[in-house]
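Before I ask anything, here is the structure I am working with.
Labels for the chains are A, B, C and D, by order of writing; each one numbers its residues from 1.
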Amino acid sequence: MKDGAQTAIIGVTGYAGAELARLLLHHPRLKGMPPVLAGRLDEKDAARGGIPLTEIHPHLAGGPGSAALKLQAFSWKLLAENGVKVLFLATPHEQSREWVPEALARGLRVIDLSGAWRMTEAANRAIYAFKDDGTTQAADIQAQAVYGLPELHRAQIAGAHLIANPGCYATSVILPLRPLAAAGLLNLDAGIVADAKSGVSGSGKAPTPKTHFMYAADNLSAYGVFAHRHTGELLEQIGLHSDQIVFTPHLLPIPRGILSTIYVRFRQPQTRTGLLQIYHEFFTGSPMVRIYENALPQIQYSVRTSYADIGFQVSADGRRAVIVSCLDNLLKGASGQAVQNLNVMLGWGEAEGLE
Amino acid sequence: MKDGAQTAIIGVTGYAGAELARLLLHHPRLKGMPPVLAGRLDEKDAARGGIPLTEIHPHLAGGPGSAALKLQAFSWKLLAENGVKVLFLATPHEQSREWVPEALARGLRVIDLSGAWRMTEAANRAIYAFKDDGTTQAADIQAQAVYGLPELHRAQIAGAHLIANPGCYATSVILPLRPLAAAGLLNLDAGIVADAKSGVSGSGKAPTPKTHFMYAADNLSAYGVFAHRHTGELLEQIGLHSDQIVFTPHLLPIPRGILSTIYVRFRQPQTRTGLLQIYHEFFTGSPMVRIYENALPQIQYSVRTSYADIGFQVSADGRRAVIVSCLDNLLKGASGQAVQNLNVMLGWGEAEGLE
Amino acid sequence: MKDGAQTAIIGVTGYAGAELARLLLHHPRLKGMPPVLAGRLDEKDAARGGIPLTEIHPHLAGGPGSAALKLQAFSWKLLAENGVKVLFLATPHEQSREWVPEALARGLRVIDLSGAWRMTEAANRAIYAFKDDGTTQAADIQAQAVYGLPELHRAQIAGAHLIANPGCYATSVILPLRPLAAAGLLNLDAGIVADAKSGVSGSGKAPTPKTHFMYAADNLSAYGVFAHRHTGELLEQIGLHSDQIVFTPHLLPIPRGILSTIYVRFRQPQTRTGLLQIYHEFFTGSPMVRIYENALPQIQYSVRTSYADIGFQVSADGRRAVIVSCLDNLLKGASGQAVQNLNVMLGWGEAEGLE
Amino acid sequence: MKDGAQTAIIGVTGYAGAELARLLLHHPRLKGMPPVLAGRLDEKDAARGGIPLTEIHPHLAGGPGSAALKLQAFSWKLLAENGVKVLFLATPHEQSREWVPEALARGLRVIDLSGAWRMTEAANRAIYAFKDDGTTQAADIQAQAVYGLPELHRAQIAGAHLIANPGCYATSVILPLRPLAAAGLLNLDAGIVADAKSGVSGSGKAPTPKTHFMYAADNLSAYGVFAHRHTGELLEQIGLHSDQIVFTPHLLPIPRGILSTIYVRFRQPQTRTGLLQIYHEFFTGSPMVRIYENALPQIQYSVRTSYADIGFQVSADGRRAVIVSCLDNLLKGASGQAVQNLNVMLGWGEAEGLE
């Protein structure tokens, strides 16, 4: 496919949606093709032809293109009239479940940022279950979904019609662990520990007691211990049983960014050089992963980029390692990854519009 | 010993020293006996009779007693003339090594907040080594030192002349692990992970690239991986070999507080009730430890208190637990602990002046 | 009046209420007399005899007294049975308007932290208007209210039955300006500017778009320009017409504290010495105000204290000054001030329980 | 001039220098022409051919071009060999004073981000004085300097050889005031107040007591009252006497951004519509200024953009206004402005590389 492809976003009011709009507006292959923004509007906003994007996200003001952009009342007709080919869903998983079947039926290619279609095991998927069931249809659609982590599934993504865009925490744990698991290095009996810390934007835009400034500022708290809904993604994508990894998320007093500190034991002693080689080989041709040769990544280095950063330290006896991975939860953890998937789907350079 | 005991602080210019001065000024047993503050002054400050404490720490202004307090030029004569009985050292370990021998020789009881005398194993102690050696003398003094964690060594502290006040990270890891280790519950072959996060005051008052606001704010970084100098304390006090625990500190973008997330595997399945009982029994008579029955502690709950907070979650199969401990690095992690040791040494209520 | 007086708090769930409970629990005159905590409970909480305070505010756990404290279902009977003499209202002004008449009728002395009774001019008061009017009664009660700024109205407060505890912004502007206005120094034709900045706790505990961490963090915003509801307090207490001062509040990305930068022009040139003398004379006998001799106060110095800090700089020509005042919005700006009023009302030392 | 022009940066190690490198690397007119980075290196770094940029600023890693970039040992020969046409100085003013004369003599066009050449009045300029004097030469060069605020001096900048890039605070005060002053609306007798607040990056990269996280975090402080070195710029560019404006900077606990709250009185009552028209007319053709029609700008909206944002509120009587301006101190306040000047100098679109 050549340049251009009309896109649409449902769910532009949230943080990931805003980042996605920003990325698509500046994408070199989409010049003059701003995304169609659609959602459920109340009567008043529908009557005035939609809500200006800069009214929702004042920081997006300025620059050609953004001023005229409006969030319009969603209808399939709106998408059809605008010639939309790729639909991004930055919506809660319940809404994704609702919209995806018809979108696929109408021939749209869908990149879904929610958790609705990320997992194939029934036990893992339960957490994103269809309320009013429809199990058969869901299973049918699940079968079409490709887990949208290009570093692992590039070929399948290229031809996919439904991309399940990975969770932010999951991305930060799968990318550093998958190469070591694939190489058979890990002592899984000892168990892996993934201690993850995320900024507040990961908790969404709804004002809640936990997103209140007074709760998050000057604080750190662990949550979802032994129970976080991203755990299933880790297990399926790394290839682990649930007792082989403990994953604990924490809420950091910063707006954006994830840092995961991952503790592994090896079956045989390893060297720094050997591990670097494994990572470099695994990520050859993956422009959005940066391996740190001599240092550890920090959250600051990756925030506001679409990179995933990986560094590590090996113990003196070579039997253990501490791996640190960092990424921006809204970019490589959500919208940057979505655009990377778009690039792969349309045969463009994987890093286009992301640097 | 009855009420009162003249105290002195060397090293009041740092964060821990300031907290110590504040605590001693408000201690109910020390009314009308403000601490003597001493240090090395330049000529100008010595000439004007010392530096007013409120000039160094403006937030300590106000209230009776603090206005008149001055940091004076140190001399043994100054301490003697003021009838000092207990000397607090909030100094770098090199200075502590230098001052302690004479202080003990002069009959002072010393509470040393530095790392100089915390460890007995030569390998662990090396990091705080005496530059201009004097090994024999050091060994002699080390033999008198008691590790100042009242929850573990209350009886010895009561009679001690030299207290090695524990490290802040060490306290946050030893307190939650020692009860489980003592009960023989831990599967040490699988290894323990202690993932610790600390606010910036733990890095000291000196302006450095790493304490710059632009480095720490909106950031998180791991450091000292497999190499932090508090590791030796963990090993000796919990009773572990160095390959049985990995301890990784991180720098949090907050002023104060430590949260340690600790991952253990058990030799036999455990229940929440059973573990709660073990903790309650171990910490009976320990007023500065709070066990969380139904929730996890957060940094905010312990900051500006002298408590150590401990909570945990057990996995469904009972074979693993995630333990979260929190404390204020300047209080239970330094000066609050020092006052707690003072209380034990003088036979006062352990929590006096700390609530 | 001698030691002791049973107190009660309505509205302990908010930030000011929590600070008030903490202060009363540790007040030296109220040992063994913890405040009665009352409010509207749902059935479940009423059935279990109330909500433990530490469940609402985990950071208040620890220490004797606080563990047993519960928020109970409000009734006049509850207050009577507990012998309550002084009632603190940390409630929205609508609720204060509702409760105060009966509380006064029952002989309680009331300290109301809301804005309900702060202003006497009808135009200023309008903003806190009684919805379902009852104008006559309100006017009657308003006549009994004393503006609870001890530095201005100490004598009246001593005998008052209804204290209108000042607004946090208002306190930070009235205290530095009243002495200069009273001395007739200000050129009011040129206009005074009060540029105020407050931490997020000033916006209350309810999760709203403006208290979301993502809104407040890394940000600064002005609001309520020419329209903030504290303006009336400034005018009445300093003695100004509304075109003689512009007051602009801003939302700071910090939990607590207010800094107001105030710009004045003088009718005659002034000196630093002369102004210091005016401030010292005005605040003689006012232990909760700190005048800075040679520096400017900063928010950090006053946060977690009940002091109001004042410093200033005079222009070279002596005709203008920039005055900086700082205080903790929850303490001198709310609960500390309320306890100061309690001390004055009961004839205790004005600073007791506040240092 | 057509596309391209070789640039060089001296002073890339600081915050402004890093932003400048980033902007030039991504400038659409400078593809394949990365800036030459030069500075004074120690022997070791000179011997290894310079310091990789990503070693100094890890967050700049990734993307084509940046990986190979090195900070090299400065020499005029280096600049000549690389065909440098435009030299950016992101250095302290003492170094700018030292380098500019020779740079001009060698035919380079210079954009100096320091304060060295910003002011023409001797009294104002004194603060950036040449230590080892050379007054004559300095006066000669000062005469060539153009104040680099394109919104005021676009035509002169186009032909200039030496641009004095404005101060960050100055930009945030001049842009909103100049249009009103030029229209003769301001009552200057009443005096203007400019209350400015800046993030910590404005204080530079050197670790000092005031850039320590513990000083800046959870704090706000005023500084440089009646004495800030940007004041002279305000006076000269707006056209004011020093007693007609008070400018007070404050240090905000955020990394980036300036918000200035400006208080003016009018000679005649004004309306919102009238003032909007004045601003729109003044800034016609100025793509980097955004006028807010119905709201006030906030720091967050402008951070990480090169825009200056302006909004205001008029009092009910039309005689006073509160104007709020925001910008990113490192972009419109430094490096973005420098690139804007580059664009004007080379006849490119003024906003190129800045959106």
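To be clear about the criterion, a residue touches a chain if its C-beta (ideal position, glycine included) is under 8 Å from a C-beta of that chain, and two chains touch if they have at least 3 such contacts.
What you are looking at is a predicted structure, and each value in this text was computed from that prediction instead of being measured.
Greatest centre-to-centre distance from chain D is found for B, with centres as Cα means. With centres taken as mean Cα positions, chain C sits 46 Å from chain A.
Annotation: 41 Å between the Cα-based centres of chain A and chain B.
Centroid to centroid, with C-alpha atoms defining each point, chain A and chain D lie 37 Å apart.
The residues of chain A that reach two or more other chains are 215, 218, 253-255, 298, 300, 303, listed in rising order. Judged by the touch criterion defined above, the protein chains are all mutually in contact, each touching every other.
On the side of chain D, the complex with chain B involves touching residues 15, 200-201, 205, 207-209, 211-218, 253-255. Chain D makes touch with chain A in their complex at residues 58-59, 61-64, 218, 290, 295, 297-298, 300-302, 304-305, 307, 355. Chain A meets chain B in the complex at residues 189-191, 193, 195, 197, 215, 218-223, 225-226, 243, 246, 248, 250, 252-257, 259, 261, 263, 265, 296, 298-300, 303, 313, 315-317, 319-320, 322, 324.
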